[in-house]
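Structure incoming, see below.
By written order: A, B, C and D. Residues from 1 in each chain.
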Amino acid sequence: MTTAKLLLHCPDRPGILAEVTDFITVNKGNIIYLDQYVDHVENIFFMRIEWELKEFLVPREKIEDYFRTLYAQKYAMDFRLYFSDVKPRMALFVSKMSHCLFDILARYTAGEWNVEIPLIISNHPDLEQVARRFDIPFHCFPINKENKAEQERAELELLAQNKVSFIVLARYMQVISDQMIQVYPNKIINIHHSFLPAFVGAKPYHAAFERGVKIIGATSHYVTTDLDAGPIIEQDVVRISHKDSVEDLVNKGKDLEKIVLSRAVQKHIDRKVLAYKNKTVIFN
Amino acid sequence: MTTAKLLLHCPDRPGILAEVTDFITVNKGNIIYLDQYVDHVENIFFMRIEWELKEFLVPREKIEDYFRTLYAQKYAMDFRLYFSDVKPRMALFVSKMSHCLFDILARYTAGEWNVEIPLIISNHPDLEQVARRFDIPFHCFPINKENKAEQERAELELLAQNKVSFIVLARYMQVISDQMIQVYPNKIINIHHSFLPAFVGAKPYHAAFERGVKIIGATSHYVTTDLDAGPIIEQDVVRISHKDSVEDLVNKGKDLEKIVLSRAVQKHIDRKVLAYKNKTVIFN
Amino acid sequence: MTTAKLLLHCPDRPGILAEVTDFITVNKGNIIYLDQYVDHVENIFFMRIEWELKEFLVPREKIEDYFRTLYAQKYAMDFRLYFSDVKPRMALFVSKMSHCLFDILARYTAGEWNVEIPLIISNHPDLEQVARRFDIPFHCFPINKENKAEQERAELELLAQNKVSFIVLARYMQVISDQMIQVYPNKIINIHHSFLPAFVGAKPYHAAFERGVKIIGATSHYVTTDLDAGPIIEQDVVRISHKDSVEDLVNKGKDLEKIVLSRAVQKHIDRKVLAYKNKTVIFN
Amino acid sequence: MTTAKLLLHCPDRPGILAEVTDFITVNKGNIIYLDQYVDHVENIFFMRIEWELKEFLVPREKIEDYFRTLYAQKYAMDFRLYFSDVKPRMALFVSKMSHCLFDILARYTAGEWNVEIPLIISNHPDLEQVARRFDIPFHCFPINKENKAEQERAELELLAQNKVSFIVLARYMQVISDQMIQVYPNKIINIHHSFLPAFVGAKPYHAAFERGVKIIGATSHYVTTDLDAGPIIEQDVVRISHKDSVEDLVNKGKDLEKIVLSRAVQKHIDRKVLAYKNKTVIFN
């Protein structure tokens, strides 16, 4: 059963919801999901709607054009249209730690996610053997201060060749530069190993240990040019105690990181995330 | 700002959502909240919609009639209409433990809830002093096997005199009989001190201790004629360890019970709960 | 059954645990609780031990002296000795919000805590009626920049008269000055309405809303001269979503705040907290 | 740094703790971990102690004998002694679902656990390719009513040949018979996909959906002859809503199951679990 998924936001005005649902219903689309939300502070209307294409009277390839002409212009909408049978293509960026990588590849191999993973990119060779276990091409781009811009350009070319639509940083220990972020705006998902905005930057588990917190967290967010400050997609926490060493925090954190990152990636793949300014709307 | 809140469910058919939102929009009602959900197993459409009455063209006292005539009949809808300026009237039933009672009365006194509490009923005199601290009439109806039916009739009369619209059992240690449940269907909220359906019945903390569970819970649900089996509104849990005695479980459980019960009551007051068969739809 | 509770820490050396337990056992003290912990980074040994006094051969009033002479000197220990039949005396500081105050007074009234509350101090008159409901003396000390030092001196005098052993800031909206902190070192418990160290300072719910976090928290800690940076006793969190307004965060946060604060106070009363440098050891 | 780990329980009597720690300290063992607990209902003393072997005066191979002679007899102790440089050997039993298997093998491959996995056993061929990715021998024993006893005997033989010390049922969909349980008492770890004791038996997610619970859980426990009733090692939960279908529960549950099972296995490997009657003591 192929479906269309429409995500939109625009200045809130009466009637938008009724008009959009009417457009789909009148054209014999069976709505199987609808969620909407109004940000009363910013006065923005957000909506996600999904309907079956089978009986839909507007041809698939013309939906976008019709919708833009009939509604998007009128309401100054920003919208994106997806079809359930088009799999997004995800690139994985890794460094040396394998827990997030294994978790993602296990889901991929088991068919849990509607996604393609054409390649894995790393700045270190260590995880090549993991990639090989799962038969996914592995490309190593060692990065230092001198070659960073050049290596990222090569990576961008490779990503383009592989028609990559979004990137997941699975504990990739390199700051992504602005040039790459601009090519993939709100399309690079990172996992930060703290409960942001606490412990921004490097070595958050050491910082958490020093502060003596009783709970640690992990945060998955879209990468923006402002380090660790992009729109948050998902967070979760786990309780610790004074008995936990930094190493214990690292180990407890690993389970958090992989689950939080995978939840964020799944929401992104399912087109349930709409980033607006520095926040996300998560449709459920 | 007075609002109308409409909760409804009916067999799912295309167009319901568009028609209902259109009815409100066309009549100049400003929709401030909308949530809908389709149960694809039972094929039932659920909806909660809230709009400002200020500019609404249909007079307040005629909305129910119009809606029934125009939509409810057509779609075989079950619906309820509430106005934000009409406070529900809540009766509290208690026995000997004060933690849930204190929690509710503190919220009430602080003005957190849009509710009236005209009376407290108990089968024991112990908590009369708590009621007095908060200046709420306290009625004691001691209950034993012989007088139960008679006492409940007296209670029902008192509830009717006080125009009570729903009942909260704040650790009331008596089974409510069918006659009372039938007068208040899905309008009696209980807190059970376990993670239902585990540990149904009496002494759940003892049972949890015996079983050696690592987590205990509390469950708030509507009372039905099937003991501890009514539609669940809210649940939550807390971690325990082998070091916790039964008394420790009781103490840790108290915080759970009061929070879980109060969350359920708040949702009920806010008209965010729709019970259907043995489950609840919780609008958020 | 009266017990003695001994909390201690000292540089870690072999044999401390064996010697201390031996001291108690040899003198016919029945150990009912023991927990120890070694901080391998700082090389500090921490211990909490509790034993029944009934058959104990060392007279109650001499235990402290004996222990200091025999062990504390030898091991350079810092230790505190408590008796279960001596209730700590707690002063409550409040401002305008009642939820933490109600929660604490409900527990106090129900006899949940082994504590005395001789007085409530506030910088605003608003909560006097709550104090009166629970028959606890209420003292109002309005504070502004000019009179702060003077008012705090008056408060300190009143605390001394009432033999107050520790202070709980139940959403007291004033920074405690150094002079008071020095009189009550690690004896002033605050509740901060964020998951520290995120959102230090004023208006943390507004800051959390702005940042778009998916989880909010509350933190109870001892007050030190470094604002919101004292040793953390307890933290907890609750999940939120983009649908929650600042007001929703405030309301959800209230339940967190009162539970987290009360858990911290209970641990303090039970002598289960040992602050060391900027952290706490929580015995369980 | 090689350590010895001693777990014991016995009827509680004064002096046990002091004697055991004295035995180690006097013989120049450096205690790096101690946790003890008294079950005051059953009057049983439980203890876990770990010390460095480097300077220990009693030769490694004689510790068990000395301890039995000097203390175990005197106090009617049940004890087990482990050395940190002896890796337990774990057999994995699987059926068709791969999420727990992948999670365990990822940890194993990354070196997170001090364990050997010499083989994987399944009643279905489906997961052989996963085993092959990780280069672990895979043995398929299809089971039906007729051949069950015979196949289990063959499995037991294979386990013995591989010197397997404990078994992990990673969503193995077959009831283990008594003959195997008796060979591995409290050495078979299962993951049940519900918050036990709720939803014992088959299809717990369907049962949870039918009941309309707001939270689902997973439980890891030792297998006993009483189905789903063995000592619980670890449990955890995740929040769901009315919007979740049975399939959603299954998917959300997968993450729970793998984390809960892996936490239990890790505790078992670290010798932190002591099963007593129908419960576990978890040292931390």
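Throughout what follows, a contact is a pair of C-beta atoms (placed from the backbone, for glycine too) under 8 Å apart; a residue touches a chain by one contact, two chains touch by 3 or more.
Just so it is clear, the model here is predicted, and its values are computed rather than measured.
J.: Note down the smallest number of touching-chain steps it takes to go from chain A to chain C.
T.: Graph distance in the chain contact network comes out at 1.
J.: Tell me which of B-D and B-C has more C-beta pairs in contact.
T.: So, comparing the two chain pairs, more contacts are at B-D.
J.: Can you grab the rotation angle between chain C and chain D? Superpose on CA, round to the nearest 5°.
T.: 180
J.: Express in whole angstrom the distance between the two chain centres, defined as the mean CA positions of chain B and chain C.
T.: Centre separation, chain B to chain C: 36 Å.
J.: Suppose each chain is reduced to the average of its Cα coordinates; what separation in Å results between chain B and chain D?
T.: Computed from C-alpha means, the inter-chain centre distance equals 42 Å.
J.: Residues of chain A that contact two or more other chains, please.
T.: 40, 241, 243
J.: Please give the residue numbers of chain C that touch chain B in the complex, ascending.
T.: Against chain B, the touching part of chain C is residues 98-99, 102-103, 106-107, 109-110, 112, 130, 133-134, 241, 243, 251, 254-255, 259, 262-263, 284.
J.: Would you pull the chain C residues touching chain D in the complex into a rising list?
T.: Interface residues on the chain C side: 14-15, 17-18, 21-22, 25, 28, 30-32, 34-36, 38, 40, 239.
J.: Mind pulling up the chain D residues that touch chain B in the complex?
T.: Touching chain B from chain D are residues 37, 39-41, 195-199, 210-215, 217, 231-237, 241-243, 245, 278-282.
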